[in-house]
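Here it is, the structure in full.
Per-chain residue numbering starts at 1, and chain names A, B, C and D are given in the order in which the chains are listed.
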Amino acid sequence: MSQIQPISPDKMSKRDYYLTRLRLTGKNFKEFMGKMSRNPSGMFGLIIFLFFVFLAIAGPYIVPKDPMAISLTDRLLPPFWMEGGSREHLLGTDQLGMDLFSRIIAGTRISLLIGVLTVSISIVIGTVLGLLAGYYRGILDTVLARFADLLLSFPWLIFAIFTMAVIGPGFYNLVFALTFKGWVGFFRLVRGDVMAEKTKEYVDAAKALGQSDLNIMAREIMPNILNSIIVLGTLRMGFMIIMEASLSFLGLGIQYPEPAWGSIVNIGRDHMLSAWWISTFAGVAILVLVLAINMLGESLRDILDPRLRRIE
Amino acid sequence: MQLARIIERILIAIPVIIGIGIIIFLIMRLTPGDPIDIMMGQAGHVSEREVELLREQWHLDESLGVQLGYFLKDLVQGDMGTSFTKGRPVWDLIKQALPATVELAFFGAFFALLVAIPIGVISAVKQNSLIDKISMAGAFFGICMPIFWLGILLIIIFSINLGWLPTYGRISYDVNLQQVTGFYVLDSIITGNWPALVSAIKHLIMPSITLGFPMAAIVARVMRSSMLEVLRNDYVVMARAKGLREYTVIVKHAMRNAMIPTVTVIGLEVGMLLGGNMIVETVFSWPGLGRLVVSSIFVRDYPLVQGVVIIYAFTFVAANLIVDILYTYLNPKISM
Amino acid sequence: MLLEVNNLQTYFELSRGTVKAVDQVSFKLDQGEIMGLVGESGCGKSMTLLSLLRLVPTPGKIVGGEILFEGQDLLKKSSREMTKMRGKDLAMIFQDPMTSLNPVFKVGEQIRESLHIHGYFQESYSGGSRRLKAEKERVIELMEEVGIPSPMDRYYEYPHQFSGGMQQRAVIAIALSCEPKILLADEPTTALDVTIQAQILSLMEKINQSRGMAIILVTHDLGVAAEFCQRICVMYAGQIIEQGQTDDIIEEPLHPYTQGLLNSIPRLVPDKPRLQPIRGTVPSLLELPEGCNFMPRCDRAMEECRLPQPLLELQNGRRVRCVLYQAQAKGEGE
Amino acid sequence: MKKAPWLLLVLFLVVTLCFFPVTGCQPTEDPAVDDDEVVDDPNDVAVGEDYTIVVGLSQTILTLDPANHRDRVTETVIRNMYDGLVTRTPDGVIVPEIAESWDNPEPTIWDFTIREGVKFHDGSDLTVEDVKFTFDRIIGEGAMEGETSPRKGLLGPLEAVEIVDDRTVRFILEEPWPILLAMLPHQQIVSKAYLEEVGSDIAVQPMGAGPFKFVEGTIDDRIVLERFDDYYGGSPDLPPVGPAPAARVIFEFMPEVSTRVAALQGGDVHIIHNVPPDMVATLEADPNVVVKTVEGTRMHMFEMNVEMAPLNDVRVRQAINYAIDMDAIVDNILLGYGTTVAGPLLPHGFALNTDLQPYGYDPDRAIELLTEAGYADGFELVIDTEDELKDVAYAAASMLEAIGIQASVRIWDWGVLRDQLLAGERMMVFGNWGNSTLDPSDLLVPKLRSNDRGNYSQYANPELDALLDAAEIAVERDERISLYYEAQEIIYNDAPWVFGYVGMEIEACRSNVTNWRPSTDSRINLHRVGLE
């Protein structure tokens, strides 16, 4: 038996423990912000991302028009700077006279919500299963890992297209189809990390002190792999938004006239020759948001978890 | 040793394919809607008797388990059933559409690698130069770009506004290509039909670029970072100290090593390539599997969708098998 | 004189300032001579070697001085001429044999490549397969010479199938393949076990004797240098601070740093005083003092040390960069 | 990689936007309907020129076997390789084709005399045996290589086909069926000998007696046909008679509207169909392109589930009829390329009751009726439809919103929808029903007779059933007209539908295409089409 016993959280009062944690987080946060402010592309991504978050929240109050209001007499109007356009409809209208500017702002909410929801559900499922599988191993791990491998050998978009085709379009179906495969990435990340962390001394120490497995997982292991999860989650969010747009584009995701960007691009496809603006601006919106999220994600990776660099 | 490893990989692939088959079957059969009605169309004059006959023929009146049994049995026998809407064996329809898809996927990957590997290498060699920054910004775009939108932009710019490239199909009708293999580029070379070759390539340009763009982006980034890592190694300095020309150092000594991690990523990217294939074929009216499956999804043509998705999954598994073997070949540490 | 280096300067321009990795380095090397370049890690020894080959990694640049090889300034050669000279006139071996061989090529092929690119057997056999055969035979001879057992089989093995010592022998074989006039050895034994170290060193000694090849041995181990080299240059923070015949330096080190270095070598001889480590740590090359680089750590520092110190020329070919010896100096440095 | 991505984004957008305005501002002209007054001189077509006509179709086809599909576009392609007993003029008049003449001695018996000298592409003569074989293959259970033809239903009560002599075949019906002739253009004659040889391979190697023979192609890619030089000439009522002027015909499948239009403008194809009204202005501005229209035969209507509250109240159904401004829809979404209808029949069809006046747009009356029915606060209403028709459905929903009905639209795949419609699970559907025979029988019976195969409104009225049944077997034309008049009145008043519109077929061709115009039944027959 070792003579020196590490100070474990249980030896301190709960209050002290959380205070140390808090201070640590506070310090980490300051340090993090310091690094972040020295990372222009990350800051740029963060600012754009926050701008989109603002649009998603405030959207309904700031849109100049009802994004789903049909006006048969205002069909296919061009953006305001072109002949025939008006400031009434900054980016023009679609084939039912809906205001594109308002629709694109309103679409922010759908895209972000899909991104956030799918990623957070995936994180929860993937992390819980990954912790259990990586910590206890055994038959559970074997089954889960095999299932994950099976899902991995199914190309993403093909799986999503297929699932959506079968369960039908709609917001929640979309979340379901995307998380059905989405959790695998987090599962594998967490499982691998847990298996690695488990061999480290601090886990043995905690075990020797008689901490429960749950405690060890939640308090000892989780904080050590949280950074990786945050980084992967951010990068995955951009991907999920593209998936949503792709499915909506194929008519399998969010359905017209809900203002989803992918479906706006799809609607515009029929009007490419006469009304190029429909597809174009919605596509720009997707590109800019995903660009911002990925810039943020890659900066987070560089700052929080450089070893993830290999994960592309 | 290598052969044993290859056989082992193939054996591992078989249950994966069957597992995928079962997932596909189960998801498919949970859908609402009766395929018979769909087949008959909305203005059908169909008798009850006919409907029953068709149900029987497709085992639709059996339980799910029995249907799955028939499905797996047929799959093992290579029989994918008959298309509901087209009344022909699924395998025939797939065979017909396959060359178009393979040709597109090949040129998509070809374009991606042709662009990405040199860009990755040059960016690494000239790290932090302007060319590095521009390439990596481009690659970053490639990762964020929704390809359906990219395809539409290309059509608007190069077909509609500039009129340089055709917007649909694989080849124009007036070149009289005699089909040999079904791969038009190959066929036109075999038959020496140069106008056909030009036409086939013109038709391929935009779809391949659209399809290959995300793959190019990721491969370029991976190639660059693994190249940077390799270039830090002593053996690169050693190669220079030996008196090798810089070109040989980079292309022979460094690239060969940097290809090892890149090849793994390429294998994974084949998945994206196949998924993107569905979208690109839809956008460019490319008469391949992707368009076939997307259109049959909307009419619930169960056997056809099943068959095509299985082919996609199979292709992905096979592609990774090839990557595995290639990896073994590239990395001597594994082969023993 | 085979090699004469004068005032060589290799600087790294970083955003935070200029790093003088090699600063005013001058030395001479005779035919068949073994010279040691000794110093702590990060003092610029390896960079000096790489500068000789003009293989300084970016963002480093040779900003001044001259490298006269057989009277010709290497720095004035075109990069094509330089490429031809590497391996053929000056060969180099590296610290870590495990990473100096390319893991994806067969060892024999890596040795053969050297022969091939420098055009050995080119004239005698124009045909591909016969030339290849001749080259292979030569490679096997070389492998035998450096002591790789059963070279016929090992030719076709990959580096990871070799042990560290064998790998270093293969690296030496590559270096020897074109019979260079100078062998630049960058800590060739550091990464190896002690027994293997000795073998490799004796192999190099053998080569030096049998071929008359000059060697510059870079090492942090003064003991190794003392045993192996005829002359020694001691480097500190990018500069040569002492230079002379090995025996002279060991017997009577002049520069306080050299003295410190000698005192920090553990001796098995009992009557020597206890270890006397040099206080402080090697300074960052970005934060060097104005004058003598060693001043902050020096026990005998004085006011004059704040001025830049020239390399003083003493008798018997000795040179030292220290204000203490100003009086004994023949003249004002170079 | 630090700042470059967004710098490049800006650059990229600037470059992209620079390209756009080129096509951006097409002036939206007043969409005057092209009446296609210019009638090409049919005899002015040069035969034997070596030219190719390319047609851009809006969807891929299902098969090349004439008996194994139920799809209009598929039939369009097949009809250029196969001829029928009779055919239709572009205006929808039935004229003889392979049959030279016919006789209807009894209501249930039709005798067709086959033209002499009709040859299949393989050079063999077309005989009465082939005609009998063709129809036996369609109406027999399992007669199509073990399967039953999906086209069986199109032949209604046809019981048997008998050979009378070597030039006459007799069609025997179970009961009188006045629209037999009108339905016959949809069936194409195949060669008995050839089918017995190739079996189901006819789906990839078709061989008929039509103006063009199959060269190569697949149903997903393109179909290439070439002129059949020994063609008997086709219907004498559709001059010119003789082999087709075009040496080659190619059908390209181009599901994207923009692709079709761009290909036509670029000269890659000569004829396209399914042109959306929004594209007409663009095309008309192009001097190399001519847009041609013809009255269509597809009735578009909203069918209301009369079993489901509150649509079970006739006042609510009428209110909805008053609330949807069909004229505005036709004017703005169809840009005038369509005709609104007052009742359930085509405006140019048989037995149209001209006494009926459209409900018209009257929101006040609608609110009044709703209030009367007790729905002053409106109710929730879901309109089901398919993707192609969504614009109209959304427009209608927004009009219903205006009178307080909370209407929404759901897009479905038709296959999923149809089941639920027949089971009476949906409230309201916007769809269409083809009526290329122009005969009410083909529209009212399936759509509104109790429990019939397309009765999505669940409408069941014994009185109407009796009228429709009587009209089915009535032989006298006037009797049928009066029966249908009465039927229309009942339907109009009961309003199980929101009476909609019939869209025009809008097609377009290069200006050098001669002797071609769209058909009411949307087929594209190329037998007589040439190029200048």
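Annotations
Following the convention adopted for this analysis, contacts are C-beta pairs under 8 Å (C-beta built on N, C-alpha and C of every residue); 3 or more make two chains touch, one makes a residue touch a chain.
Because the structure is predicted, anything quoted here is derived from the model rather than measured.
Comparing chain C-alpha centroids with the centroid of the full set of protein C-alpha atoms picks out B as the closest. One simple way to say how far apart two chains are is to compare their mean CA positions; for chain C and chain D this gives 88 Å.
Distance between chain B and chain D, defined via averaged C-alpha coordinates, is recorded as 37 Å. The mean-CA centres of chain A and chain B are about 26 angstrom from one another, to the nearest whole unit. Separating the centre of chain B from that of chain C, both taken as means of CA atoms, is a distance of 53 Å.
Under the contact definition stated at the top, not a single residue of chain C touches 2 or more other chains. Within chain D, contacts with two or more other chains are made by residues 1, 5, 9, 16, 20, 23, 256, 258, 262, 416. The set of chain A residues that touch two or more partner chains comprises 168, 251, 269, 272-273, 276, 280, 287, 291, 295. Chains that are in contact with each other form these pairs: A-B, A-D, B-C, B-D. Partner chain C is touched in their complex by these residues of chain B: 127, 233-235, 237-246, 248, 253, 256-257, 260, 330-333, 336.
Chain contact summary for the complex, chain B toward chain A: residues 16, 19-20, 23-24, 27-28, 30-32, 140-141, 143-149, 152-153, 155-156, 160, 218, 221-222, 225, 261, 265, 270-272, 274-276, 278-279, 282-283, 293-294, 297-298, 305, 309, 312-313, 316-317, 320. Taken together, the chain B residues at the contact with chain D in this complex read 31-35, 37-47, 49-50, 53, 57, 85-88, 93, 96-97, 100, 133-134, 136-138, 140-141, 153, 155-157, 159-163, 166-170, 172-174, 179, 283, 285, 287, 291-292, 295, 298-300.
Those residues of chain D that touch chain B in the complex are listed here as 1, 4-5, 7-9, 12, 16, 19-20, 22-23, 52, 54, 60, 62-63, 65, 68-71, 141-142, 147-148, 150, 152-154, 156, 200, 203-204, 216, 218-222, 224, 250, 252-256, 258-259, 262-263, 266, 268, 413-416, 418-419, 431, 433-434, 446, 453-454. If you check the complex, the residues on chain C that touch chain B are 50, 53, 55, 57-58, 83-88, 91-92, 94-96, 99-105, 113-114, 117-118, 158, 160-161, 171, 174, 178.
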